[in-house]
Amino acid sequence: MSKVVAFGEILMRLATERHLRFSQANFFDVTYGGGEFNVAVSLANYGVTSDFITCLPNNDIGQCAIEKIRQRNVGANHIVLDGKRIGIYFLETGAGTRGSKVIYDREDSAIANIKEGQINWDTALKDATHFHWSGVTPAISQNAAAECLRAVKTAHEKGIIISSDLNYRSKLWKYGKDPKDIMPELLKYSNIILGDIDTALFMLGKSKVTPNYEDLESLSKLYDIIVENCPNLDVMATTLRYSVSASHQKIGGILYDKSKILKAQTRDVTPVVDRVGSGDAFMGGLLYGLINPEFDLQKTLNFAVAACCLKHTISGDFNLTTKEEVLQMVDGNTSGKVSR
Amino acid sequence: MSKVVAFGEILMRLATERHLRFSQANFFDVTYGGGEFNVAVSLANYGVTSDFITCLPNNDIGQCAIEKIRQRNVGANHIVLDGKRIGIYFLETGAGTRGSKVIYDREDSAIANIKEGQINWDTALKDATHFHWSGVTPAISQNAAAECLRAVKTAHEKGIIISSDLNYRSKLWKYGKDPKDIMPELLKYSNIILGDIDTALFMLGKSKVTPNYEDLESLSKLYDIIVENCPNLDVMATTLRYSVSASHQKIGGILYDKSKILKAQTRDVTPVVDRVGSGDAFMGGLLYGLINPEFDLQKTLNFAVAACCLKHTISGDFNLTTKEEVLQMVDGNTSGKVSR
Amino acid sequence: MSKVVAFGEILMRLATERHLRFSQANFFDVTYGGGEFNVAVSLANYGVTSDFITCLPNNDIGQCAIEKIRQRNVGANHIVLDGKRIGIYFLETGAGTRGSKVIYDREDSAIANIKEGQINWDTALKDATHFHWSGVTPAISQNAAAECLRAVKTAHEKGIIISSDLNYRSKLWKYGKDPKDIMPELLKYSNIILGDIDTALFMLGKSKVTPNYEDLESLSKLYDIIVENCPNLDVMATTLRYSVSASHQKIGGILYDKSKILKAQTRDVTPVVDRVGSGDAFMGGLLYGLINPEFDLQKTLNFAVAACCLKHTISGDFNLTTKEEVLQMVDGNTSGKVSR
Amino acid sequence: MSKVVAFGEILMRLATERHLRFSQANFFDVTYGGGEFNVAVSLANYGVTSDFITCLPNNDIGQCAIEKIRQRNVGANHIVLDGKRIGIYFLETGAGTRGSKVIYDREDSAIANIKEGQINWDTALKDATHFHWSGVTPAISQNAAAECLRAVKTAHEKGIIISSDLNYRSKLWKYGKDPKDIMPELLKYSNIILGDIDTALFMLGKSKVTPNYEDLESLSKLYDIIVENCPNLDVMATTLRYSVSASHQKIGGILYDKSKILKAQTRDVTPVVDRVGSGDAFMGGLLYGLINPEFDLQKTLNFAVAACCLKHTISGDFNLTTKEEVLQMVDGNTSGKVSR
Amino acid sequence: MSKVVAFGEILMRLATERHLRFSQANFFDVTYGGGEFNVAVSLANYGVTSDFITCLPNNDIGQCAIEKIRQRNVGANHIVLDGKRIGIYFLETGAGTRGSKVIYDREDSAIANIKEGQINWDTALKDATHFHWSGVTPAISQNAAAECLRAVKTAHEKGIIISSDLNYRSKLWKYGKDPKDIMPELLKYSNIILGDIDTALFMLGKSKVTPNYEDLESLSKLYDIIVENCPNLDVMATTLRYSVSASHQKIGGILYDKSKILKAQTRDVTPVVDRVGSGDAFMGGLLYGLINPEFDLQKTLNFAVAACCLKHTISGDFNLTTKEEVLQMVDGNTSGKVSR
Amino acid sequence: MSKVVAFGEILMRLATERHLRFSQANFFDVTYGGGEFNVAVSLANYGVTSDFITCLPNNDIGQCAIEKIRQRNVGANHIVLDGKRIGIYFLETGAGTRGSKVIYDREDSAIANIKEGQINWDTALKDATHFHWSGVTPAISQNAAAECLRAVKTAHEKGIIISSDLNYRSKLWKYGKDPKDIMPELLKYSNIILGDIDTALFMLGKSKVTPNYEDLESLSKLYDIIVENCPNLDVMATTLRYSVSASHQKIGGILYDKSKILKAQTRDVTPVVDRVGSGDAFMGGLLYGLINPEFDLQKTLNFAVAACCLKHTISGDFNLTTKEEVLQMVDGNTSGKVSR
């Protein structure tokens, strides 16, 4: 049986009520989320055993985060309690032509100060079949990057499948290192990568490209460069997103497995209830499809795209859908009929 | 002056805040509703005297339901106070490609256990000109079906016009009887029927058909079968609905009066605030049009369709609109201008 | 440096939660707003010094309004504390085919009873470069109209630029005077006018016209009539609005400066969160563009249209956007991407 | 069977959330209430048929008030729809040493402008056994006072028992008349009066007194003066209240029936959830006791005091308690045990 | 290391906002709780491994309950997914002289229909050191009583310490059996019992007594009878509660261990935020003290009383306090100082 | 005319709804506050011109704080926009025996990193008559302490009266300095000090004392030590607080002016709505009394105590009361009567 271990940061999310601007907020909805954890939640929802490893302050706020992890049926037994604060992000949800707005207040969070030895990766990865991390973690701090590398190496040694979401955030990477200083070493071990091709090449220190996702031939050459630098890579996928407005998105996807390039039908998503975490929903769907022996690659990609679409209709970071709900959409049922 | 008596179940509706999934709910909005009662509310809003008959537990929760009935200016003086519980339904409102979800918890409700003699139909139908019931009530239990038949027979004897909404719910009908065992006897007395033609034939025990609502000729033949089995039928109408997504519906309608078939213009409804009760809004509009001597059948159908459309913009089970508001839409004013 | 002084009424706005009908409201969101004040807020948001002059009751409710004025960085030092009540408006926000609904309860408000001498316009307009008023104020009462005239005359004498939003409301003008009795004298002093051409001519007592905003030649002739009656007029602008539904608007604009007629691209606005105050947002954008020496007239008009569009995505009367946010939209960025 | 008709004003009550000051309120809870209506609600709760007569504006806000009247099972069929606005009161609930605060905005309300003939008292009082009014109504306006007198005279002619709550509010009585100009004529017809003795004498135009409610002998002489001026008086009662703080009240009562003076045990009420309407709860309890043939005067007084105490624990104007709940308290059960 | 397994029902709790009556509720706070589960939560909060076994419907509502169990760090891996509905209780929280009100709607819940074999007690009790049940479970249905007996017998055979809260609810026990038919067999295996002495004797089928908790000698004799009938009993404890009002309770406790009777200081609890679950908080504290080798019996009793007191200040069924917080109170720190 | 300039930190306050524990919070009320700012708000409420100087991040969150400062009529024109984040504190409000809980997340806030020259004290203190700071600011960081000293010295040079609240927080002072290293130099310039005598001596580096506030003679000697070290001191005052429970406080005060010691009557405060900021309310009252030429020292002290008491009844950091409301309490009106 599969068991996925995800490693990364979980943030407190302080969001204004839908569509209110920060300046109008008299209260914030408080939930918790973060790219890697969101993936773990997706997998738990689909029935896959999953575990989340992070570092949280040993106070009531840290406990709240742990309670939310457990509530989602994600293991929390290897979480390190140390550090001064939980990272925070403030969210204002847009509408129509007004985009959503995120303000980070995550510097100096518990995980940014993680120290070697606080996580025993040997124990933490026991029984794991998959390990998931994203490009956000090495972007936080030198310590977090180092911990990520320790995790990846241990996982690789144990023969665990490693999946990575590139997740480039230009507002992070402030500790004196660029992605190209850190990411190539980390991505070497990845078996599965989610991200834009241009982001991958940028992180690998290659020159800037503008991939044409309609031209499979040219894509193929770009994939070749990535494969050269990621010798363990088996599957790379990309979410194709066209943003009509904050309330209307078009979502498709593309998947490459070193032998072929597959595409999924693009779908309209409107209205958008909350698009934060929709990339993580794609990642969760992709990983689930790859884990599930009954799914071929096309079904896997379709599942990832459908999961991503459904996430846009759900408030909060998590894609709170079951496998059956995603499959209904894969099977073409998008009419939103009342289930009764 | 007309007086409509409706008979059926009123449920407690526990709904998550708009678009939240059950799993995210920290509170439920609590309102009350039910197909037949919703029709009574529509009629009261249009100025028709209406009365609702049901059975409710004799406790604070039952009293809450009665208060809501009275608040809507629907008579509550013949309600039976007996039984253990009010039926409940849990509602999660969808968005876009994610449909709404209803979970019923209505077994063993007060009305399911109604006993002969608790309602004195002779008294209850005094002064009534119309009696309304729907296919939900005989689907609840043997007792409820029997009570429905007693009501229908008494109404028929008194020369009261009987309207029926077929309202087939496959999740009900669990007490050992099929619609075809119960409905033919009940529908015999109906003067007005709302429902799909295929549902009508199914309930009458006929073989399965797929009506083509574009082909009036073939429809005509199907109507003939219904008329044969419903000797009192004067008018049959159907809501034509195309579900683009949970947030976008297209609504039209068709009406047959034994001499001709009328159709109404199909309208776009987007966004959908709440589609529960929109069929009842159609029924309420239909009945109002048939009662109002100033409306011809085409205007009646247009009014029913407009009422159904407007309901989708209103939260809760009820179509809280005035006659004037529906007529504005019938007259083509759908631009949603601010009234000030 | 510019300083805009606006004069008018600020109302308490009691709004149902989004999409609820009045009949469903258990609470009202309480905010404050009013056409002229909304313009002052827009200007303060764009960095222009602005001051608001009104009359409010000397009780806790009046104080609440003043606190909200100060919160928006609008000067409140010349507000008169007198009178019995604040004007109120009740708002129910529509959706789709159901329009929003406004119920006024503003008779006998503090400003309706303003008395000569309570405002010292000489002091109040000290340092002002612009004075803004709208057609709502002279519509309230004889006293308010008289005060408006005193303000306009003082401003004109001081060489202050005067801007006017015609803002015709047929439900006001109940004190025995028609617009044509009052407005011509007031508009004589206006340098900038916002409003439909037909409204302007109606207020000036001219015969009814139906301007064709596609036919610049015929427009030109209508503008000539206005200029004849408004000898100080430099710029007249109009919001062009097409209402698809309460949730979907199309917004454009037109501007005339006595030498030429400019038009702005029409934009789709969907969904509409709140359209109240969107005309004031246009006015605020127009005035800002005219004040900003770096803006030419075309950019000014584009800015006004973009401001108007953005306002529709924001709850409440105010256009809570920064200059940078409006300019992003002017520059074509309407995809609503997450800013993070 | 008894039927009580109450006449007076129903106000919209806009209250801050518990304990928030006006300056902190982002929303107001919106409910409806008013002295005479609150009494009608109490009686309906105890099972007495009751009807409320008032004047309300013919708009959505007026309809909301009517819906709330019907919800409480109080008759609304004789309400006049006319006038411009509903009266409003703003409420801030205190705590401890900080008292609650009420701001009235009720001038020029619908009932203040009631015109002779709008209410047909002959029809309205058909079948009534009791008529209830309070000193608030004649304090509103000349029209309201005149209407009150018409009602009282008709009731008296019909042999209906008349109850009056003195309810002196110094902030009203602004239309040029003092209580002593109006009240003596009205009180002449009263059979039952609730109020302080000093208030009664003041309203009757007598010189100021300070009754000592501990000294029955001196009280007796004061009652004599009242009886002289109120020839129909049978029972007069007074709520005895000692206010320890906004959160702690002591409540007792005294009753006089021309032959004797009865007192009820003083009870501690803490915490106070909402004290508005507690006098009306006393009045409702008093009237119920006098109507109920099984209650003697002592039980009647005890019932009124208990009802008043319970009201303090309930939010809103209404005493939402059943007869059984009040009787439990009369019988000494004040321990607040969980009923399960 | 200790591991406590609790067995019983978990209910959906639908509560009005604080102090509102059912009739005023527009929404219900939705949480989950139940006597045995509440004990498991207390123990998990104190750091004891705990597991909860119940039966829940296999739908979204059942999943919500499971998520809340996991959130509290209580094991949910042996929960049976079967049955039609979750039991519900409606709660209205009182204040002062008005008591709280509970309405049960729990008939025919999932656990009431549990069938032999659905729970494998051998597996479920693996590694358990303690098993906890209460008198509510055998009161639900014959099936639940039978399952309880199977659990108790298996636990006893495995040498697991058995604790029981008598929890007599007269509104249950409706399936044709009395406590005396069922409880003696179950209590035979109990090592720890919480409950009033009179309740214990009543359940054991003994004649009615009124224990005087001040007279240790007479108590001693009553304890003897219990011990005779409960041969495995080691410790029996009772919460001593005096209810001044719904907002003010006095809480003490008594403990008997076959050799001596201990008492704890009675404490004032005011205000009461929520008293539901305070008995379970006592039980959780008692069990924790008995498990913790560093606690003697007096400290155990003091800890149970302090836990019970603290629960009254916390909304919801659970005693969300840490061991440290309870110990602070045991140590006399009840001044409620701000911890900062 | 007086003008008070306050300098310090303003924090975002994220509070659970009343009485909920952090673990139960689904949203946080978001307000802003901080010791020195709270004093400025009090003074603005009493009609004194006041200005607040701090450092805030130049983003939407910083703007929200500034808006709240302006809303309270406190000047915000000298605020420095720089730094990465606003300090945050999380608040859980206790009840009865459960105390409130504060979790700080304020490290590395904007003001902690203030740099010399960012505030031009010469300009900032123009027209000021009073300067207020508290012991929290030098406790934040070396930079903040240095800025505080620059402010104090400039103020002293300008002959401005300096008031200081000692406000010792052991959780701060983490940057390598103790109070005794920093405070003596700062306090040298203070004319007015609020704080416990033992805290003052501790901060001045003196040996630990336990003042007996009942023994004026011994107090006198302790005051002598303080005066020796604070050569500019004119008035020192202390809030005397006895905490019965989190819901019940007793508040008194003591004041020393180098010639005599005055005491104020101790008052009961129950229930406590929110005690955060009550010390600042005392400070604000004290300062107001000293500024107001009509107040003698006894009235000043009484005013400070009454202000402190009233604050406990108000949610949030601010003492939102008027001078008139505080004076009512000084004059003995504590019965909490409804003001209507």
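As written, the chains take the letters A, B, C, D, E and F, and residue 1 is the first residue of each chain.
Here, contacts are C-beta pairs under 8 Å (C-beta built on N, C-alpha and C of every residue); 3 or more make two chains touch, one makes a residue touch a chain.
If you want to know which protein each chain is, UniProt gives these names: A, B, C, D, E, F = Putative 2-dehydro-3-deoxygluconokinase.
Bear in mind the structure is a predicted one, so any value in this text is a computation, not a measurement.
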Original post:
Which chains, if any, touch chain C and chain F both?
Top reply: A, D
Subject >> Same or different contact residues where chain F meets its copy chain D, judged by the half mark >> reply: different
Subject >> Mean-CA-position distance for chain D and chain B (Å) >> reply: 42
Original post:
Just how far, in Å, is the C-alpha centre of chain C from the one of chain A?
Top reply: 46
**OP:** Could you list which residues of chain C touch at least two other chains?
**Re:** 21, 23, 26, 67, 101, 271
Original post:
Tell me, which pairs of chains are in touch?
Top reply: A-B, A-C, A-E, A-F, B-C, B-D, B-E, C-D, C-F, D-E, D-F, E-F
**OP:** Would you pull the chain D residues touching chain C in the complex into a rising list?
**Re:** 14, 21-23, 25-31, 59-61, 63-64, 67, 84-85, 88, 90, 92, 101, 103, 105, 107-108
Subject >> Interface residues, chain B side, partner chain D - complex >> reply: 67-68, 70-73
Subject >> In the complex with chain B, residue positions of chain C that touch it >> reply: 19-21, 23-24, 94-102, 104, 169, 171, 243-247, 271, 275-276
Subject >> Interface residues, chain F side, partner chain D - complex >> reply: 267, 269-273, 309-310, 312-316, 320-321, 325, 329, 334-340
